[in-house]
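Presented below is the structure to which this report refers.
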Amino acid sequence: MKMYLPILFVVSLLFSYSHGSVLDFCVADYSLPDGPAGYSCKKPANVTVNDFVYSGLGIAGNTTGLIKAAVTSAFVDQFPGLNGLGLSMARLDLAVGGVVPIHTHRGGSEIIFVVEGTICAGFISSSPNTAYFKTLYKGDVMIFPQGLLHFQFNTGNIPALAIVSLNSPNPGVDFTDIALFGNNLPSAIVEKVTFLDDAQVKKLKAVFGGTG
Amino acid sequence: MKMYLPILFVVSLLFSYSHGSVLDFCVADYSLPDGPAGYSCKKPANVTVNDFVYSGLGIAGNTTGLIKAAVTSAFVDQFPGLNGLGLSMARLDLAVGGVVPIHTHRGGSEIIFVVEGTICAGFISSSPNTAYFKTLYKGDVMIFPQGLLHFQFNTGNIPALAIVSLNSPNPGVDFTDIALFGNNLPSAIVEKVTFLDDAQVKKLKAVFGGTG
Amino acid sequence: MKMYLPILFVVSLLFSYSHGSVLDFCVADYSLPDGPAGYSCKKPANVTVNDFVYSGLGIAGNTTGLIKAAVTSAFVDQFPGLNGLGLSMARLDLAVGGVVPIHTHRGGSEIIFVVEGTICAGFISSSPNTAYFKTLYKGDVMIFPQGLLHFQFNTGNIPALAIVSLNSPNPGVDFTDIALFGNNLPSAIVEKVTFLDDAQVKKLKAVFGGTG
Amino acid sequence: MKMYLPILFVVSLLFSYSHGSVLDFCVADYSLPDGPAGYSCKKPANVTVNDFVYSGLGIAGNTTGLIKAAVTSAFVDQFPGLNGLGLSMARLDLAVGGVVPIHTHRGGSEIIFVVEGTICAGFISSSPNTAYFKTLYKGDVMIFPQGLLHFQFNTGNIPALAIVSLNSPNPGVDFTDIALFGNNLPSAIVEKVTFLDDAQVKKLKAVFGGTG
Amino acid sequence: MKMYLPILFVVSLLFSYSHGSVLDFCVADYSLPDGPAGYSCKKPANVTVNDFVYSGLGIAGNTTGLIKAAVTSAFVDQFPGLNGLGLSMARLDLAVGGVVPIHTHRGGSEIIFVVEGTICAGFISSSPNTAYFKTLYKGDVMIFPQGLLHFQFNTGNIPALAIVSLNSPNPGVDFTDIALFGNNLPSAIVEKVTFLDDAQVKKLKAVFGGTG
Amino acid sequence: MKMYLPILFVVSLLFSYSHGSVLDFCVADYSLPDGPAGYSCKKPANVTVNDFVYSGLGIAGNTTGLIKAAVTSAFVDQFPGLNGLGLSMARLDLAVGGVVPIHTHRGGSEIIFVVEGTICAGFISSSPNTAYFKTLYKGDVMIFPQGLLHFQFNTGNIPALAIVSLNSPNPGVDFTDIALFGNNLPSAIVEKVTFLDDAQVKKLKAVFGGTG
């Protein structure tokens, strides 16, 4: 007994530096300003294990639309414990015939694990100018290098489920169709910078809700 | 037709810079020197889609040992396409009663997705001095912040499967037991720096194969 | 005189650490392996001021094609002194009516300075889902945030010249048209992942040289 | 028509994660605290294209002083859209005989493009201990590696204009003369740490406004 | 004289960009929110040289406890000038027989310089699975690579003093004993994830103050 | 006994990923090419604890020259274990009256610990335009922010010893005097870019060995 008390005394000395407010993590406090490195940190007294656990990927996304697919994300806006830690996740649900349209992420590379089903996945490189694509089966993993256009679609006859991870807590998702046809970019500019025909642009603007 | 050729001409001008040897990725060439940022890059002519796909996580690890668990990794040493891209993956198979012993990764944070079963997972922070742990169910995600000790064990009555992703292509795995009891560190030093009893150290050295 | 010699003596002591081979820079040696951080370094004895100067941006690109524009780059493949230094440049020549089609860079943000003429430039963000575009006049500067689709076209009645800088020595250029219509990605996949009509895809594949 | 509504429905599912407040960029809000990574981000509703465009480099600096040169910068303090994006720009106006005195930047490398005129530019390396300098002509580009002393002066008989880019939104500019002779560093200390003569130091302190 | 005034005029032009609020450093303001990159910056008017100087390492730590050692840190929580600068320091006082127990730092590598005495120091790598340890004498330096378990103990017959530096302003210190035996992690979990015996765990929990 | 063998079996499964060649560190192999991130890594079989220990800082530098000071460095060129780890060290010996002349480091911040004696140390910031300097006593620590000019000189009446650490394995040292007066930069250019008098420049060129 006598032995323990002195050790405890020194232990508290060893930890004199841990009485400050800087933590081993920085859980997002959405009510404070955010900066280039992410959100401000929640006060330690308010952090619990629930900040580090997220259950939103446990539920399949709705795949009843025409693309028959859904992306459900666990990015820092949904999952505050990711803040500052350089990782995020998402689940891809692809019904039979489902497709995740071609897109990029402004931040980070992506790795995919096929939980169930059969998925054709690929990315396009400009150097060399090549599309790398392959059919992935249950248990396969594929890496999509940073910043390159990539896509996934179900090539099997059962629904497919995949888990993806990206090395940014806030990687963004830039679907090319939404970028071109789903915002305020005028059709004339879309056509000029893509060489797409006017009829094609207007047809897809109607689909994706673009104005202008 | 006349229209196409002039465009092609300009396109090739636009891409004059893509004729060099620097690619959009750097697939590991294990035969060349590695450096602090990873392996040297494979020559473009030798890169195929198979460098970006890995099937080794499709097979369950052997969980018949006493810890009843197995970690199967897709790190850069197994999966050359990860080189330089800041991501890796691993699968955790935990039989009923299985446990992934406490460990750290020298590089990167870790995110886990429970594919099947029920897993108690947690990490320990020194600031504040707290263990954050919780039972995770199918579909739950948990983040283990960079550099902190963490663990997982099956708390259910069926085998569990989880997929983890780390934001380093080569994160390392430092099991505390192996570090303390599974190498050339003499028992006298282990005891001095851990306060463990001599009998305990020797017992675990026998288990983990430590010498000295 | 007497005063100088002792100082010189100490100076050489002060510089004892500069006799090693690690330099203040790492000029690319294209003949050695490259890695995730760039090319290997040229031996010091072979480095001259010419490794840090590049004259290739002094010549206007050929804008006689249908897009009436040309991009001439000073990336690490052309300009070895950039290796490891996190910067590159390019010149944009846009004849009257010229357009630099929509594209991304896998690495880095881009800043543009209009040297001559009038250019409409813009980028598209997914968060918020908005196109930010504006007419730039001589002397204007615009920033295109990392990873987002962007474009430039001449809106004036004289040729335009702009200089762009990117914060990567090897930022890549991924023109969406080339990615979709200029490589081995089969038309069926292009259509599936873009929602473009078959006729449109085939028309542009003919323009951009795509196969499959 | 019937076809489009279902797609729109799924598109909104695809973008459920974009309704949060984390943007694709972080325009500086000068009224909020700044941190090591830059300024806090402006609220999305207040961001416009004008945050990404800066016109201050369109006007030549005043070169009527004795150094006959002026540096006009587009750093994050002038141009809020640069915040967090790792890039900035400046224009150098050098009248005949004009000189940008020797200086360093605490953050980032610098690349220069000569728009007009003839400029001798150079930098000094300690390893190897060498000055790399050369006369640059219209269209030439030179790289100044991170942290090294560099300078530019007009060697032609017409005014020169150059555009420089640095891979930091806030690179700083540390003119050696201002550092040594333009602040509160006492003459005795300047002399001790530079080996300059007292008369020289006092003469330049008078020029550059140093006290002490 | 006439010569000086014009220069001063131009100098002020040269420094027009330095009138903003972004400084060359970011001294921590503990009263403002912190984020993933550190604390918010103190207002320039409140920064003094004392923010960059810390005297807390001048006093030997108390080594009268059973471990006969003390770690006194100059991390960002004690020393605000370190904020954002990627460095910190600590002093290790080891009485005769003193030991700094095995630990990791979640951020950064560590370098040690022995000021006085004789210290056995080492670290454990998993790849290869090896302990690297050696007796260090006055003046010796050792590097502990990022994220690996390491320790130091006095092997001499006089007190030892060492200075360590870490490349993070807030590296954290995770003593394995405190992590396992000094917090709320239940004994049953500790035993499950470490293979330590129940008696051993309970004995050390009593020493290190663990609950549960 | 029966119990141990199965555990060992699973342990080897757990470590199946550690059989590759990627290590937990990257000790410099000076005989292989270096790149922007540092030297290539030594083969694991050739790494010993001696790669991580350096004894060169145990010997006082020669302070008999006129500046009465010496800098002895443990940078990656002397100490291969630092490669890729973001840290280095140096010792400063300052005899009575000794001075480490004003200098910058192209990479990293610097932290100093005064082991013995009294040292006046300072750095100069351009934003705000201020010199921050102070007399440091035994045990004091000071931080010199990245890229700024700084200096140290002995203000006491006994020799002083300090240990500095920098957060780069290869930070470089750029003494302003050597840069201006100790290489091939012609006097005419030195004078033009510094405003120093011709006599002053020639006097110091003679001291520091400059040519041209």
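Order as written gives the chain letters A, B, C, D, E and F; numbering starts at 1 within each chain.
One rule holds for everything that comes next: a contact is a pair of C-beta atoms (placed from the backbone, for glycine too) under 8 Å apart; a residue touches a chain by one contact, two chains touch by 3 or more.
Just so we're clear, the structure is a prediction, and the values are computed from it rather than from any experiment.
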{"item": "Co-neighbours of chain D and chain B - touch as defined", "value": "A, C, E, F"}
{"item": "Chain whose Cα centroid lies at the greatest distance from that of chain B", "value": "D"}
{"item": "Chain centre separation (chain C, chain D; CA means) in Å", "value": "19"}
{"item": "Chain centre separation in whole Å, for chain C relative to chain A (CA means)", "value": "26"}
{"item": "Centre distance in Å when chain A and chain D are each reduced to the mean of their C-alpha atoms", "value": "34"}
{"item": "Touching two or more other chains - residue numbers and ranges from chain A", "value": "15, 18, 20, 22, 24, 33-37, 39, 106, 122, 126-127, 129, 133, 145-148, 172-173, 175, 178, 182, 195, 207"}
{"item": "Category of the chain touch graph - line, ring, star, complete, other", "value": "other"}
{"item": "Listing of all chain pairs that touch each other, if any do", "value": "A-B, A-C, A-D, A-E, B-C, B-E, B-F, C-D, C-F, D-E, D-F, E-F"}
{"item": "Chain D residues within the chain C interface of the complex", "value": "7, 15, 18, 20, 22-25, 44, 48-50, 52-59, 74, 79, 81-82, 85-89, 91, 108-111, 113, 115, 122-123, 125-129, 132-134, 136-148, 163, 165-167, 195"}
{"item": "Of chain A, residues touching chain D in the complex", "value": "30, 33-37, 39, 61-73, 75-78, 90, 106, 170, 172-173, 175, 178, 182, 206-209"}
{"item": "Chain B contact footprint on chain E (complex, rising order)", "value": "99-102, 104-107, 120, 122, 124, 126-127, 129-131, 133, 145-149, 151, 153, 172-180, 182-185, 189, 192-197, 200, 203-204, 207"}
{"item": "Chain B contact footprint on chain F (complex, rising order)", "value": "3-4, 6-11, 13-22, 24, 26, 29, 32-41, 83-85"}
